[in-house]
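We call the chains A, B, C and D, going by the order they appear; numbering starts again at 1 in every chain.
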Amino acid sequence: MERKTLLTDCPDAQGLIAKITNICYKHQLNIIHNNEYVDHSTGQFFMRTELEGIFNDETFLMDIDQALPAGSHRSLVDSKRRKRIVILVTKESHCLGDILMKAYDGSLDVEISAVVGNHETLAALTTKFDIPFHFVSHEGMEREEHENKVIEIVDAYTPDYVVLAKFMRVLTPSFVAHYHRQIINIHHSFLPAFIGARPYHQAYHRGVKIIGATAHFVTNDLDEGPIIEQNIRHVDHTFSAEDMVKAGRDVEKTVLSTALSQVLEDKVFVYGNKTVIL
Amino acid sequence: MERKTLLTDCPDAQGLIAKITNICYKHQLNIIHNNEYVDHSTGQFFMRTELEGIFNDETFLMDIDQALPAGSHRSLVDSKRRKRIVILVTKESHCLGDILMKAYDGSLDVEISAVVGNHETLAALTTKFDIPFHFVSHEGMEREEHENKVIEIVDAYTPDYVVLAKFMRVLTPSFVAHYHRQIINIHHSFLPAFIGARPYHQAYHRGVKIIGATAHFVTNDLDEGPIIEQNIRHVDHTFSAEDMVKAGRDVEKTVLSTALSQVLEDKVFVYGNKTVIL
Amino acid sequence: MERKTLLTDCPDAQGLIAKITNICYKHQLNIIHNNEYVDHSTGQFFMRTELEGIFNDETFLMDIDQALPAGSHRSLVDSKRRKRIVILVTKESHCLGDILMKAYDGSLDVEISAVVGNHETLAALTTKFDIPFHFVSHEGMEREEHENKVIEIVDAYTPDYVVLAKFMRVLTPSFVAHYHRQIINIHHSFLPAFIGARPYHQAYHRGVKIIGATAHFVTNDLDEGPIIEQNIRHVDHTFSAEDMVKAGRDVEKTVLSTALSQVLEDKVFVYGNKTVIL
Amino acid sequence: MERKTLLTDCPDAQGLIAKITNICYKHQLNIIHNNEYVDHSTGQFFMRTELEGIFNDETFLMDIDQALPAGSHRSLVDSKRRKRIVILVTKESHCLGDILMKAYDGSLDVEISAVVGNHETLAALTTKFDIPFHFVSHEGMEREEHENKVIEIVDAYTPDYVVLAKFMRVLTPSFVAHYHRQIINIHHSFLPAFIGARPYHQAYHRGVKIIGATAHFVTNDLDEGPIIEQNIRHVDHTFSAEDMVKAGRDVEKTVLSTALSQVLEDKVFVYGNKTVIL
């Protein structure tokens, strides 16, 4: 028995659920999980259908295509294929460490193809888990030159996603465009509060009582991409900026790995500057 | 345009979503929101379909009935009919007050037909909102006699649900049976911890770091019915049992009114001793 | 037995706790609760000492003053005096309603002297609780003229604090200065995200997964005063901007009444643009 | 400059704070942080005082002892000495992994002397971090015999604490007595709900909407020791028992390492069956 997931993202129309589920029924595909959502403000329809059975992808998708209105996107994803990621890091280990541990014990069903760092700090940790670490220093290099070196390494692994696990470099539009909707970042604040550098220090000076973290797809505008997951924890006046940095680590790593898990399970639709998670 | 909600609860079978949505399509009913869930461990299917259009209830449900397997439950609920509740109370005002306020400002779309108390304490608050208050003392009465008096008053209002908003009386099986799946209770602990009397005092003596509240349907076993909603708040060693009682009020009232809101919107399926919330 | 709270806010110096607690001991005042905090980054010392005994305020404070370094603030507050507030509102009832209910049932130990609205909407609710409501329309008035009318009414009640319970007017610097550190506001976002108007609509368009509320003292800069309390709740893609508005109400009212409770119990020190809560 | 922490736990008496802080002042020790708490229901006083200066431990503690009433406990702890732990495990890696990662990157200031497992599963993970792993199978052994082997290994490291990081064995009273107030356990439920085996399966069958975890000191009664830290996460009807197990991992590991961090910083007083955390 194969298991595949049909992802549909199209203009809303009457009878869409009936049409799609009819086709599944006709092809003798059993629906294991099904979720739909209609954004009535824009008239967009989203559907995620986990199917089990014997698939003839070509005829099945031909039927689906005939049923969908113009301007539709659909894909049929093999639910059992393990996806590949490359992780970009700088010096901080907590997010990388959490993903390494979760891939190691199977909590996260993913293949970590490689880790790329602009510092060498995390090489030792990465190689403990028998994963290749590539050190690409940015010292004395133009931003584009450095990114091109990174791209060359990353592309050799043909990853499904690139995960920025506390990669403290601003990316150029051409790097972002090269991995369209493939880059997931963890920002160490509750966006859109404290955009930009040193958000915990900003938070400390503002005297907030809550700190947070945001995992999002990366687009050209810094810290402005579609949000996948956010969470927070309470702090109080006894927290220095450094205490906030430390306290934020557990939130950051949990938010990033939760977001990553949803993306890897094909639950996240990107829609304008938002996500629909089914 | 009418708006109705079709609720389906039946043994799982292939093609159910296709069949039901086909019938909606055939009857020219537009699906506004649709949610399904299959419990694969027991093979039970749940579906909640908000529909808009011109309804012929009889022929529509006839078609639905033909499509469903044996042992199915289905109902078609008018989404616009405001439901009626009767609230049972003792002396504490926070849960009653929150429901009164939310009905007053429209946050909760409900008609509070009456409040019944076994003490007179909350009469003044209730009547501020022009809602009838019935004082039915239990003093010097057998439990059954008292309950029969309450039933007589409640039944006169033909409520959809009976809400126990800190009603500090143990109910007999015959009272519970009289309002099968119609009674919603707020228990002031995170069930199943601290079943029974004085849960905050139990929590204090156990030295917990979290207190909680649970809204559930009432069945014969005390504090054992299907859970609808739970939430918690953190406490620490500085909280006395009385501080916990006070701190728990905001949790209790929010949990109860959240549960009530979900029930009133026909989102809650009871299934064995659990709920499925779509 | 009297009960008073000594609040000390001064430059840090060696032996301060010893000196202050010695004086309490010498005056035969029993320490019921004591909390201190030193901000080592700025060298500021904060102490809140709940005392029980027979007070000679004059000699006690004379001793305290001699013990404290130059530039110190201290006050001795009667813990049993019920504080007075005036509440300013526009049209939304949830925050006002929560404070009314909590004052009614004693959860909040406060006297609500009056409610002032720039709309008449909440007059009916307020007067249910036998509290005077003053309608001061801003229609056809300059901002200052309107504020002067409000000030005149508020000042007649000599309140300890002015609570903005969804008062949807921008205040002038002179109004704010008139009630220096006396105005508490609820802002319907997790500040500093979504400063300004219609924060839920901003949040909706940003596609956030969390919404929040912030209670703060009001200073001249809009939404920039010292934060007292913040909290959040999770939302998802199914929430419209209006759903967020509705979902945010329980957070807003709980955050505001929690902040108010801490202020009324003399637990909140304002320090620069921050608060220290002991 | 040395830094030490004075921990005082004694019957309450007038002037205690004054006396203790006077002695600190007299010995020219600067108070960096100070926290006290009085449990007025039992008349017990707790104080944690972080001090900086040149210490003469003997004369300082002699002065302290003279100031305290009969039945007092006090200790003076070197704040800079890194504490040692031995971790006991079975097969699950998430709690062990989190402590390994946090010790590795310095988030947790601790020396992991060794890991002892009754299965060999986690040997590979442990030794990646250059920490000795001892496999002590319980197969074919009496409980006491097995525990004696474990004790022999653990004692060789003279650890400050023994951490049960998902060690799935019931301990005998003699093992518990051997490490009085030194054993910290993570229980995978929100205690006292779901005491005993397979709490997630119990939670699943009860239909709860929240799952939790509890870190506590171990005493003779199973899952009954003083609670240090608890936290929760929300679940819904779509979670199978296995999904709950998986979802609970992030809560468990964060609760355990938070509790451990507080214990390592000498913030946790055990008092009867409760903890006071200063």
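Note that in this section a contact is a pair of C-beta atoms (placed from the backbone, for glycine too) under 8 Å apart; a residue touches a chain by one contact, two chains touch by 3 or more.
Bear in mind the structure is a predicted one, so any value in this text is a computation, not a measurement.
The set of chains touching chain B and also touching chain C is given as A, D.
More C-beta pairs touch across one of A-C and C-D than the other; that pair is A-C. When every chain is reduced to the mean of its CA atoms, the largest separation from chain B belongs to D.
Taking each chain's centre as the mean of its C-alpha atoms, chain C lies 37 Å from chain D. With centres taken as mean Cα positions, chain C sits 40 Å from chain A.
By the touch criterion given at the top, residues 37, 39, 41, 190-194, 205-210, 212, 226-232, 236-238, 240, 272-277 of chain C touch chain A in their complex. Those residues of chain C that touch chain D in the complex are listed here as 14-15, 17-18, 21-22, 24-25, 30-36, 38, 40.
Looking at the complex, you find that chain B touches chain C at residues 92-94, 97-98, 101, 104-105, 107, 125, 128-129, 246, 249-250, 254, 257.
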